[in-house]
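I've put the structures underneath this note.
What follows is subunit A paired twice: with subunit B in the first complex and subunit C in the second.
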Partner chain A sequence: MKEKNRGLAVFTFLVFVFLLGPLLIISVTSFEGGSVLKFPIETFSFKWYENIFKVSMFLTTFKTSIIVSLAGNLLALLLGVPAAYALSRFNFKGKAVLNAVFISPILIPGIVLGFTFLRYIVTTYQLPIYAGLFIGHTIIMLPFVIRVVSSSLSTFDFSIEEAAHSLGASKIGTFIQVVLPNIKSGIIAAVMIAFLESFNNVDISVFMTGPGVSTFPIQMLTYVETYFDPTVAAISVLLMIITAFFMFIVERLMGLSYFTKR
Partner chain B sequence: MALFTLENISVAYNKQNILQDFNLEIEEGKFISLLGPSGCGKTTTLRLIAGFLESNNGKFLYKGKDYTKVPVNKRNFGFVFQNYALFPHLTIFDNVAFGLRLRKASKSEIEKKVASVLEIVNLSGFEKRYPKELSGGQRQRVAIARALVIEPDLLLFDEPLSNLDANLRENMRIEIRRIQQELGITTVYVSHDQEECFAISDQVAIMNKGIIEQLSDPATIYNYPKTKFVADFIGFKNFIDFEDQKIHENEIELTKSGFTFIVQKNKANTSTDGKTGAIRPDNIVIRPLKESVTAGKNELPGKVKIRTYLGRSYQFIVETPIGDFTINQELLVPYQVGEEVILEFPANNMVLVK
Partner chain C sequence: MKNRNIYLLLLPGVIFLTIFMVIPILLTIGSTFINEGSFSFDGYLHYFQDKYFIGILLTTLKVSLITTFICILLGFPVAYYISKVGTRTKVLLLLLSIFPLLTSSVVRSFSWMIIIGKNGVLNKLLLNIGLINEPLNILYTPTAIIIGLVHLFLPLIIITLVGVMENMDEDLLKAAESLGASRLGVFAKVVLPLSMPGLVIGSILVFVGSFTAYTTPALLGGKQRVISTFLYQNATTLNDWHTAAIVATIMIVVTLLVTITMNQIAYKINPKG
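Moving on, here comes the complex of A and B:
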């Protein structure tokens, strides 16, 4: 019995090393003083962190990413919250099919989705780059919004809706005054998860970006192609911190059990 | 004139009729219960009155006005739910004030009304708490306060006590009755608990398969059920399907397989269409069979088949030539299984039902 437990402990340890090792190495290398990425570091410095703010393309693309993610997020909410509500509240024909359609952007490989967007949004309809990015990112965020909001609606007692009705509230009034406040934490969690999904996205954006307009992760890729200094490592560390912070809030609001549910 | 009327209401769900040509009239200030087993249509009736459901046919009249198409939020009826349905994100004060705010009441008016209604339900001082901090009984009282504060034209209860434990249930039903009488609000109450309905109602409607089998005051239903279903539902466990009847001046003579029974004419036993006799287990008298005694009128010979102990009394299942009967009797020395007995059916305790 004891022997078996030790084996399991070693295995668990190895999994953690495998998962967290690269993150640790990246974090360490970001503090390298020289101009070449190396591990372990030879001198210690913050200069590559400073360099992030010196490269103007990082700032420009960061703004682009923020705008696309926030605007897409807003649209995904406007579409996703009512959709999640309808899917949870009502029984209708084709509900299972609709559910599957809404989830499909998670299941379809990003590269396939990206190529499809390129084929239609960019080639056929020749939409401007910003519009294309906006549409593409809305579509990849939508399933996350629907999933997270649905899971918070699954514990919602719809009889309080009837209670509000009987007290004189209209249908829309009930939704705003009773339903929304009770799924508030789900909506905030949805916003954060969708934001991270969009902000970190490469495989869709790579097809949608063009001359002059790029997103932050794409700019990172471009940078690595030309320079081999630790700037990207420094960016990675910052992104990790932001992501961890967001996930901490989501965990506080809803619990991460959402990710283990299917 | 009736305060509200359901006229030939039909409701179907998934092509199955739940209510068909349903009629009901309620007078102002009355407390009426809809009582019946699950699936009898009582909740459907209540939800239809509230406006949560639409009928396929028929009319719902309130004070002579057609309310059939009036939406829930324009009806001004108070509804109390089985699971309380309080707003979890609002304090008790805000829960109760919800309906008043929608009615654009002034701040001082809201404060005054909420305070007075919380006093009625004995929850003064709970204003700042949230529903999850209250017990089940307190939550239900908040739900009642929330429904009362809008001064509803009609108060509707959907099994409000079934989530509470037995002691609390008894206290709450007294509370509900007290509040209803104090305020004189016309009330419709749905329950599957017979005792609860009888305890608090002016009138009880026993429902079965989408129709009202009997609508009367509780005592009449309890003593003089009209149909076999009602009799069975309120505890007349024994039934005799008679073959023949003769009507006399003060009594009715009935026969079954050669045995003769006399039933006194009374409030229920006037009609000649009832040919099934019903009697409660408590009202059959069980006597030892002595030799040389044969069963006379209103008597049956039998043999004890099963004996169970109920605490206050014993219950016997007795086999007779015309079927098994259930008898409850308080006895110091009980009859043994297999013992031969005589069953006596007192003439004033048998009721004829359809």
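Moving on, here comes the complex of A and C:
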């Protein structure tokens, strides 16, 4: 088994070079002193990091993205946590269908959702683009909230809840004082996964642009269409740092099995 | 708890999704069957005779199939290796697979523009070592899209397969070996069949993901249209919502068909999976 393992180890190493190499290269290019992206870099500087803060559209869209992701996240939790609780706690008629409805936003192609949101939420329902962004992002975050909270509820011992209830606590009181604290880490993980999903979203946001309104990833796409300087590389480094931070927190809260289970 | 109360918990979410997603999707699909006020299939007939559209559809299918195939070829051995190494290495390798998956697709596709561009890292390297005399034109071709998509989805199939392979009974492999099975035999008769459910689910995720991906083809594909960029172009720049709705419906149908059929296959192979 040994020499076969060595071959496999080399193969695995090369695959990881393919996966992480591009991210390493983009990180290095962000420190280029000149005005064109190149690898390896010729002079070292932080000036493209400074440039991020000089392009006002980056600041505006960053604020929009943060607000949309946080507000959408909150609504997705308000709609999703009770639903996840009902779906994992009880058996009832139509459960399979309702479960499918809540998961469906990840089954329908994102670009299709984006188009229908533009066509109906913005055009037919006549809601402003901001509302379209907010609603669209809430919808794509819902399945993640449902999935993470459900998986966290699946290990919760519901007899504790019944005990609290039989001791005289009200239904809602039990839920808030007994169930919620027990699935706290699941909810925090759900918030972080859903946040990344929403913050990085392109498929929905690309349809929801208007005069001065856009999200951060869309602004990045617009920028690289016109400029090939290292600004987006510098942004990439900052985004990767945030991503790594979120990943470690989710790993702490839920373990790696959350990611490998399908 | 009374049934009525259970539905009350689900109601807000269901109403929200119905108003903002289910109805818009149904209306979009419905609108494709209406032509000048009456029911007709003309829209579809028109597009399935249009060489340009068929070309885009076939390119997208081809790109997605090749991407899925490459992801399986690269992902399977890597997943097998990860499932066999010690815990600490396993955790590290899994984290290194998950990290790109959580990273913005704009960042990941953009990084390939620096690598496969005309003056990119790859061309510089190959020119320097004298392997080529002219820079390769990879960026803005279907090949570029495939490279970007493999990079995007390979971690997905790796972690899906690791999830299945981890549960594989080590004793079963040892038993097969001690009973005289060759390494290839163990692989073909034990490892492969037991990994099938993961392989099928991973392939669905990669294929559907590639078929519907927007960012990667938009950044790396240049003028080469795929079905999602074609939908976007019709919906926004061309303002042709009838065409966009037809393309959207085709995407939904293909996605659901692939997902349902493959899930059935996975279930047949391993009813417990």
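The working rule: the second predicted complex is superposed on the first by the 262 of 262 C-alpha atoms of A that agree within 3 Å, B and C clash if a C-alpha of one lies under 4 Å from a C-alpha of the other, contacts with A are read in each partner's own complex, and residues count from 1 in each chain.
Note that a contact is a pair of C-beta atoms (placed from the backbone, for glycine too) under 8 Å apart; a residue touches a chain by one contact, two chains touch by 3 or more.
This is a predicted model, so every value here is computed, not measured.
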Superposition on subunit A - do subunit B and subunit C clash or fit: fit
First, second, both or neither for A:I160, with subunit B first and subunit C second: first
Partner chain in contact with A:T60 - subunit B first, subunit C second, else both or neither: neither
Subunit B versus subunit C as contact partner of A:N51, first or second or both or neither: neither
More subunit A residues in contact [subunit B versus subunit C]: C
First (subunit B), second (subunit C), both or neither touched by A:L23: second
Partner chain in contact with A:L107 - subunit B first, subunit C second, else both or neither: second
Least C-alpha distance (whole Å) that remains between subunit C and subunit B when both complexes are overlaid: 9
Subunit A partner contacts - residues on subunit B that touch it in the complex: 50-52, 72-79, 81, 83, 85-89, 98-99, 102-103, 143, 146-147, 150
Residue ranges of subunit A in contact with subunit C within the complex: 4-5, 8-9, 11-12, 15-16, 18-20, 22-23, 25-26, 29, 37-39, 78-80, 82-83, 85-87, 90, 92-93, 98, 101-102, 104-105, 107-113, 115-121, 124, 135-136, 138-139, 142, 171, 196, 199-200, 202-203, 206-207, 217, 220-221, 224, 232-233, 235-236, 239-240, 243-244, 246-247, 251, 256-257, 259-262
Residues of subunit A that touch subunit B when the two form their complex: 157, 159-160, 162-170, 173, 178, 181-182, 184
Contact set on subunit C toward subunit A in their complex: 1, 3, 5-7, 9-10, 12-14, 16-17, 20-25, 27-28, 74-75, 77-78, 80-82, 84, 91, 93-108, 110-115, 119, 121, 151, 154-155, 159-160, 162-163, 166, 183, 198, 201, 205, 208, 211-212, 214-215, 218-219, 228, 231-232, 235-236, 241, 244-245, 248, 251-252, 255-256, 259
